[in-house]
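Common to both upcoming complexes is chain A, partnered first by chain B, then by chain C.
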Partner chain A sequence: MHALVQGIILGILTAGVYALMASGQTLIFGIMKVVNLAQGAMVILAAYLSYQLFASFGIDPFLAIPITTAALFVVGVLVELLFLRPLRKEDRSELSLLVTFAVALLLEGIMSVVWSTNVRSINTTYADASWTVFGYQITLVRLWAFLLSLAALGGLYLLLNRTRFGRAVRASVQNPESARLLGVQASRISAIGFGIGAATAAAAGSVFGLLYPFNSGSHYDLISKLLSIVLLGGLGSIGGAVVGAGIISVSSAVVASTVSPIWSDMTFFIVLLLVLLVRPRGLFGASARGAI
Partner chain B sequence: MNRLKRMGPTRAVVFFAVLAALPSMNLAHWVLNMLVFTLMYAVMSSAWNLVGGMAGYPSLGHAAFFGIGAYTVGIWFQHHGIHSGYEPFLILPFVGLAAALVGIPVAAISMRTRSDVFAIVTITLLFVVQTLAFNLRSLTGGAQGLSIPAAPFSTATYERPFYDVLLVLLAVAMGLTWGAMRSKIGLSLAAVRADEDKAVGIGVRVQGVKLLAFAVSVGLTAMVGGLWAYYEGFVYPQFAVDPLITIAIVLMTFLGGRGTVWGPVLGAFILELAQQYFAYSLGGSQFYLIAYALVFLVVMLLMPRGIVPSIQERLRMRRRRRAAAAPPAEDSAPPGLPSPHPVTAAAGLGAASGQGGH
Partner chain C sequence: MLHHNRLRRGLPVACATAVALVLAAGCASRASTAPAGGNKNASTSKTLVIGASVSLTGDFSDSGKAVQRGYQLWADTVNAKGGILGRKVKMDIVNDASSPNQVVTNYQNLINKDHVDLTFGPFSTLLTIPAAQVAKRYGYAFLAPAGGGPKVFEQNLNNFFFVQPAPTTQAGDVFAAYILSLPAAQRPKTAAYAELDDPFSAPIAENIRQKFEAAGIKTVYKQVYPSETADLSPVMGAIAAKHPDVIVGGTQNQDAYAQVKSLVQLKYNPKFMFLSNGANSPLEFPDKVGAANTAGIFSASDWFPGSTAAGSAAFTTAYINKYGGTAQKVDDSSAEAFAAGQLVEAVASQTHKVDNATIISTLHSGSWPTLLGNLSWSANGAPNGEFNLVQWESGKLVPVFPTKIAQAAPVAPKPNWGG
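This part shows the complex of A and B:
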């Protein structure tokens, strides 16, 4: 029983960070119908940036987030302009999968040249601090990471629902043709949308670097988890990504703490297949057109 | 036109005759070794093409089935000794069958909606299989891997049996592609690729053909994996289940031209040589990765249709121009449409594809 509750607590705290990464990915899909396989690599790139900022200038990873999000926003816009925009419309969805896979490899290659493939971790003074509540251990860093992710998700929600830009994004997700007719510049929305997707990866990445040791190959572990979350929630649905992150993190953590960590990596795949068996488009996947 | 139609089988006979003759030409071991790897990738690209190219469902998880094949052979060797050295080749068909059985339920669930979902589920499967290979120590040996007794072939002609088996597999893969393109199956797959909803509407059994293409495709891939394990003599998880294998197969198919018989093979021959060059000249794996990713991006952006379709298009344009210049004589088929299939071609490929069955 104790292990079960501990697993649930850990799962919920972890879910926040994954929800943030996955919301960026699902936003990109919603806007452009592109499955961004480089999302995991962007998270790791941000983790390396905060590692470097911490190691060279002593900047705390939480405070480095504005810097890493800005940097990754630029990276995201560049990827869209250089590699995705030139694709022809008729085979864009198929080719974009492969192009973003190649971008992931490119980023991995660059990261292993710059930082080598040794495992890095960001060792702050508070890395090991934890509270014990009713006998359950809560790591402080995880709690902060969770709260920060909630704040970032809230910011994303406000951006999409309270700003002119957000309205344009939602319009082009729901009906690209009408949005264009009403004067929404689809190409600009795509570039900025991809940038924002990458920026959420950056915010999550700074936190990820605090929570886990990582190297340039870590994005492979991340991407399969992120894709499962996005698919489980329904491609293009941010709310779905949050729910999906909750389901997958909690079930993995519970299996890890009650059965064995070996099977926890398998859990999310089984959960994913079960959900797809019942709901082929995921929990909140729109049947015809996207909705955020 | 008739001359062009006959060219396919002739080309196949010449191609396979040259390949079959190569090992007896006293080539150095490193050349033969390179040819073995090139053939492996040619078989796997042709296999990937069946589902990724013809049906338009890009699988990103084929490396998982390569790994499943490799581990099946590795585990088989934990319980069986080695006698003549040819037993592993005989169990390869069963390895392929086993992999197809593993793949079918996953594909059946993920192929119901659209290709994005399929691509995501297959790439997730790849990483799940990789994690399992590391973690199920009692079965896979974990990070230590499995070692396989060396094949008792004489060192002078060590590569020969592997090479010959791969040649047969390549003939089967190409023959199946060729046969499928000339049958109702190929037509159904093309319909799925062009517009699946309409294909359902006109009564194509989409799920059936998609699953068939997938099962054959992963079965062949697993057979190559099994052969690779025996050839290398070890199975390490990071090499047996490697995302780069998926990338290589997909890139080769796209470079040569998906949906064609020769494209994937051509792509494999070009890229495997380039890959060896990068691996040797750039040394460390990091620059190699960057170079590979850049080649990939350039191919996708500049030549998304591949070499073979681009050449075909050019030939067709030339023929059309010539037909426009000279008054039409005997050829009445409009050159823009795919020509009906020649049944006359029984040589070479036809015989080889008979082995695999359709």
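This part shows the complex of A and C:
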């Protein structure tokens, strides 16, 4: 029973980090219908930037988030301008898979050259701190990461629902032709949207570096998990990404704690398959355009 | 015009893809010491060229680079003494990116294209299994400083020599021997086993488990986890809930770090903790888990600073001169790679020959002094000795058992996390 409850706590706290990563990916799909296979590599890039800022200047990974967020936003915008915009609209969905995978390999190559392939980890003084609550351990970093994720997702919600830019994004998603006739610049929305999607990887990357050792190849495992989350939640739905992250993270942790770690990863694929059998568009995937 | 525009718009994409593919290909390409095109005339030149595929990128890159340092250091050392039988030694080292497919390609190229004179092994059992088969096919002796899982010896290759004191799966036997040597009142009563699904790791923990269970130490937890498991918190949480006296980790590197970090976060401190690999890295382990969290953790090792085995002192001095740092920072894998070279030197010294057939037939008899101690092998290349038990004490990794090599007494029970 103790292992089960501890597993649930771990799963919920870890879900926040994955929700943050996946929200960027699903946002990009919602706006551009692009499945961004480079999202995992962007998370790892952010982890490396946090590592370097901490190692060279002593900047705390949480305090470094504004810097890494700005950097990843620029990376995201550049990727959209250089690699995705030239794609013809009718081919974009298919070709974007290849292009974003190439971007992931490009980022991996750059990271290997700059930081080598040695495994890195960010060891702050509080990296292993935890609170004991009713006999259960709440890891400080995971708790902060969870709260940070809630704040970031809340900010994303406000950006999309309470700002002019957000209205333009939603208009572009719901009816791109009408939005364009009303003066919304779709190309600008796409670039900024991709930048914001990449920027969510920045906060997640800082936390990822605190939680797990990583190297430039770590994005492969990450992207498979992120794709599972966004498919489970429904492509294009940020709320779905949050719920998907919760289901996958908690089920993995509980199965690893109480049954076997071998079955842990298998479990969420089984959950994913079952959900897709019943709801092919995922839990919150819209049958028509219009949801983010 | 339309075609021209499409072409122009598609150009950056094509460029990006090409750059990415080039970089990816670069990860699995020739690494450092070989000239472009390899040494095509190696077999006829006076230089003794030794080929090795090493993981300079990918999962095994930390240890792979340590192996590379050991090989190169030995070549430099032996060349400073005039080479082997008057022939300068040159290492032809290529990168396999930790891939079992690439390692096969690399050894085929080293043997058939570069025509190297001898071959040394890669890092890890996963890569050694196919690599040793390639060497066998072409009649090459295969001196492998890493990769001694059971499946390697099951191949029954007479050209294969594992350059460590014992098969890898027996690395934990010395920990079991230490625990069972304790007075009954001090022995652990319960044990938990967390094992990486890897031919090198899980069997070590399983061997310990069998010995512990035979001695009456109750198993309260045993699970195998896949290699892609980044988060071991749920596993270690389940172990903590069982309150075992001893935790045995059948680990490689990253999972060893993850096990320790998870236990620190869970505030569970066992009386004894043994990690088969990862914790025996003097450089990486304290860096990844925090130096204060290393105290009292046991691991297995074949070489240690201050060893009086043949050539150990000279190796240590040469290593520090070439790579810097201190003796405490020298990775075991470098010492093992160096020992492979020592064996070639020893065979050449005894037989005045340095060809593959001579090396194979000569090493199969007698006992051979190296900085890892005296090595001898069974017909399938399995060494006949035993490992040393090392423990982190006051921030250093020191040999503590068996008594004949101990530089300090074992510390038990394990100090709390954070020292």
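We take it that the second predicted complex is superposed on the first by the 291 of 292 C-alpha atoms of A that agree within 3 Å, B and C clash if a C-alpha of one lies under 4 Å from a C-alpha of the other, contacts with A are read in each partner's own complex, and residues count from 1 in each chain.
The rule is simple: a residue touches a chain if its C-beta (ideal position, glycine included) is under 8 Å from a C-beta of that chain, and two chains touch if they have at least 3 such contacts.
Remember, predicted model here, so these are calculated numbers, not experimental data.
**Student:** Now for A:Thr132: first (chain B), second (chain C), both, or neither, which partner does it touch?
**Tutor:** It touches chain C, and chain B stays clear.
**Student:** After the superposition on A, what does A:Leu235 contact: first (chain B), second (chain C), both or neither?
**Tutor:** After superposing on A, A:Leu235 lies in contact with chain B but is clear of chain C.
**Student:** Of the partners chain B and chain C, which touch A:Phe83 in the superposed model: first, second, both, neither?
**Tutor:** Both partners, chain B and chain C.
**Student:** Touching A:Ser112 in the superposition: chain B (first), chain C (second), both, neither?
**Tutor:** Both partners, chain B and chain C.
**Student:** Determine, under the contact definition given at the top, whether A:Leu211 touches first (chain B), second (chain C), both, or neither.
**Tutor:** second
**Student:** So, A:Leu98: does it touch chain B (first), chain C (second), both, or neither?
**Tutor:** both
**Student:** Is A:Val184 in contact with chain B, with chain C, with both, or with neither (first, second, both, neither)?
**Tutor:** neither
**Student:** Classify the contacts of A:Ile67 with the two partner chains as first (chain B alone), second (chain C alone), both, or neither.
**Tutor:** It touches nothing on chain B or chain C.
**Student:** After lining up the shared chain so the two structures overlap, which partner does A:Leu159 touch, if you call chain B first and chain C second: first, second, both or neither?
**Tutor:** Neither partner.
**Student:** Can you give me the overlap between the chain B contact set and the chain C contact set on chain A?
**Tutor:** 83, 86-88, 95, 98-99, 102-103, 105-106, 108-110, 112, 117, 221, 262, 265
**Student:** Going by the contact rule at the top, pick out the chain B residues touching chain A in the complex.
**Tutor:** Chain B residues touching chain A: 56, 58, 60, 106, 109-110, 112-113, 115-117, 119-121, 123-128, 130-132, 135-136, 243, 247, 250-251, 254, 285-290, 292-294, 296-297, 300-301, 304.
**Student:** Quick one: in the complex, what on chain C touches chain A?
**Tutor:** 6, 9-13, 16-17, 19-21, 23-24, 26-27, 56-59, 61-62, 65, 197, 223-226, 228-235, 237-238, 240-241, 253-254, 257-258, 261, 264-267, 284, 287-288, 290, 293, 417
**Student:** Contact residues on chain A for chain B in the complex?
**Tutor:** Answer in residue numbers: 29, 33, 35, 37, 83, 86-88, 91, 93-95, 97-99, 101-103, 105-106, 108-110, 112-113, 117, 220-221, 223-224, 227-228, 230-231, 235, 262, 265-266, 269, 272-273, 276-277, 280-281.
**Student:** How about chain A: which of its residues touch chain C in the complex?
**Tutor:** 2-3, 6-7, 10-11, 14, 82-83, 86-88, 95, 98-99, 102-106, 108-110, 112, 116-119, 121, 123, 127-130, 132, 137, 139, 211-213, 215, 217-218, 221, 252-254, 256-258, 260-262, 264-265
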